[in-house]
């Protein structure tokens, strides 16, 4: 029982990073009705860029590395938008899907090329801190991951619901044509969405690096799949859904890792997805009935 | 008594329509009165919230859309929905799904055979809609009026007994409306029953045998075109409302 | 010369993979499950020849049947979800199959050694071709026999009413339904045919490489499967073939002299190709 609780809590804490990635997929979907397949790769890429600060400034504090990853994520988000979305007509959804896949491969290869395929150590904070309650523990670095992720989500929700920019974004997500007629510049909203999701991705990548201890391009595929699964379980386009689903998937996979081992773990995550697709295809917060 | 609600919106509420075989039946009403929803419910794009749809004595409310077509109900769309990247000819070819066509051809001939068996029928449809010279053109390259004609021909390719026309005259000039009227009358001569949803009074009053008027999802009047034109509730809700 | 025959084998098998996605794409569905059917075909054919001692041809038949059956079974529930949801659902299915084989052990002793799939170690010693003394040229011709057959089949479909109906569904599902087309039947049948073709492709792949493992069927393979028809354009089966030659022949083999840089160029060229020709290399018809 203790093992179970321990796994569950570690998993849920780590699941906060899945939630961030899920939010990124879901936001782009909400605004553009497209999947940005390059998103998880760009997030890991952002985390790698964060490491660059260590080259310039040896011994930079981890917080600075995280911040750099955050900023580079935003830059990469804008780059993905320009290369994969800006010039491709909206009527060619397959082309955007393919171009983002190409971008995924490109980002991965750049990382492999720049690091010679070697995993890189990633700095962590509070990894020597351990909260204890009897046998039950909470790792300080995981708590930090969770706290930072929650902070980012709160910041995102504030941007979306308390600023004009967020209002425009939500308007575009709901009624793109009407929003444009009201003078909202679609183009700008799209870029902003990509930058915001990029920033979130960069920090998520850094948090993953920090909690795993190393960063490797091998992380991108599972992260892409988990991120998409989180998006579907939460309901395409739903931010609260992505948050809950991220924590759920994190906890679920860690518990199954405890009972079934690391190789079978992901198989059960896929099954979880199919359970949702069959019984609740609209996601956790699917509206009951209604139009269409 | 047919109803279709969207959440709290009662798009069609307790509607009772009876179309006699061989009739041209007009369905009119202001925008948002539930005309298109009625067509969509009859063809099965939305299930009815309550009520039955009887077609030749059978309740078809539970049949999926493609089965209703085979039973003999075809339609056109208010905003034209052709297969744009298929040729005019192919648009008609894929639409030959009547029960009769299915029974006539064997599985292989029907699905994997060439175009031989069906040529004559499609030629007649092309002739009927005046598109014979455009048969190899992509549907998306046709002019607006031609697209409307092709869509009507595509609905006819299924050899329907009941044809639902959802605002077929929208966007047409009066010459084209005249041609459309001719075509609708010729279809009736072939024994096709027609439910015509339309805004253009010139067409509705000219071809229909009987008209029902909808407002807020409910029928407010029914009768012959002359009766409807004189009906006070109709004038108030619809004709008067639009200044006619 | 063997190098070119070997390359032709790769191109042949990838063409089958691409064609299996092509027919599904015609109906407007993006399926990332093709790598899963490909994996099933590979393991089924490999197990039948190695463990069951079958001849390769009936084993490939079994691959086709298994691929088709699983595709049909996946098709029914998966095609209820649309668009991007389907992309994700099929992606997860493909990953599920890969993870299944990652955990799948079934070994029997054959003389000194044990043969059969062994989880993460993979499935080694699929030695039908070397045991029967086939030359690389013969293997290549054998592979292309199936490629030509599959291309001819799909080419024929494209000319038949069936193929036209597939395209009609891809254009506008609502209109297709309203002219009496049974969407489920059409989509599931396309998925089934695609599953059979991918199954055969996987069976051939397992035998020419002689060693398969779960990572041979990862998301990258699934992406390649849909990339070929998308890059080549959906106008005809030859677009898919052209794209495979372009990707496997030019981008992967032709640019080998670039070393590491080749991989970088690869992603960049896909991005560039999609920006310049959003409807594919051979796709000139554009929506008005």
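Order of writing sets the labels: A, B and C. Residues in every chain begin at 1.
Quick note on the criterion: contacts are C-beta pairs under 8 Å (C-beta built on N, C-alpha and C of every residue); 3 or more make two chains touch, one makes a residue touch a chain.
As the structure is a computational prediction, the values presented were derived from the model and not from experiment.
If each chain is reduced to the average of its C-alpha atoms, the one that sits nearest the average of all protein C-alpha atoms is C. At the far end from subunit C, in terms of centres built from Cα atoms, lies B.
Per-chain CA centroids place subunit A at a distance of 30 Å from subunit C. Centres computed as Cα averages put subunit A at a distance of 48 Å from subunit B.
Averaging Cα coordinates per chain places subunit B and subunit C 42 Å apart. Residues of subunit C in contact with two or more other chains: 287.
Interface residues of subunit C facing subunit B in the complex, by the touch rule stated above, are 156-157, 159-162, 164-165, 167-168, 171-172, 174-183, 285, 287-288. The part of subunit C that touches subunit A in the complex is made up of residues 25, 30, 77-78, 80-81, 84-85, 87-89, 91-93, 95-96, 99-100, 102-103, 119-120, 218-220, 223, 226-227, 230-231, 260-261, 263-264, 266-271, 273-275, 278-279, 287. Across the complex, subunit C is touched by residues 29, 33-35, 83-84, 87-89, 91-92, 94-99, 101-110, 112-113, 221, 224-225, 228-229, 231-232, 236, 263-264, 266-267, 270-271, 273-274, 277-278, 281 of subunit A. Those residues of subunit B that touch subunit C in the shared complex are 43, 45, 64-66, 69-70, 74-75, 77, 81-86, 90-91, 93-95, 97-98, 110-115, 138, 140-141, 154-155, 157-158.
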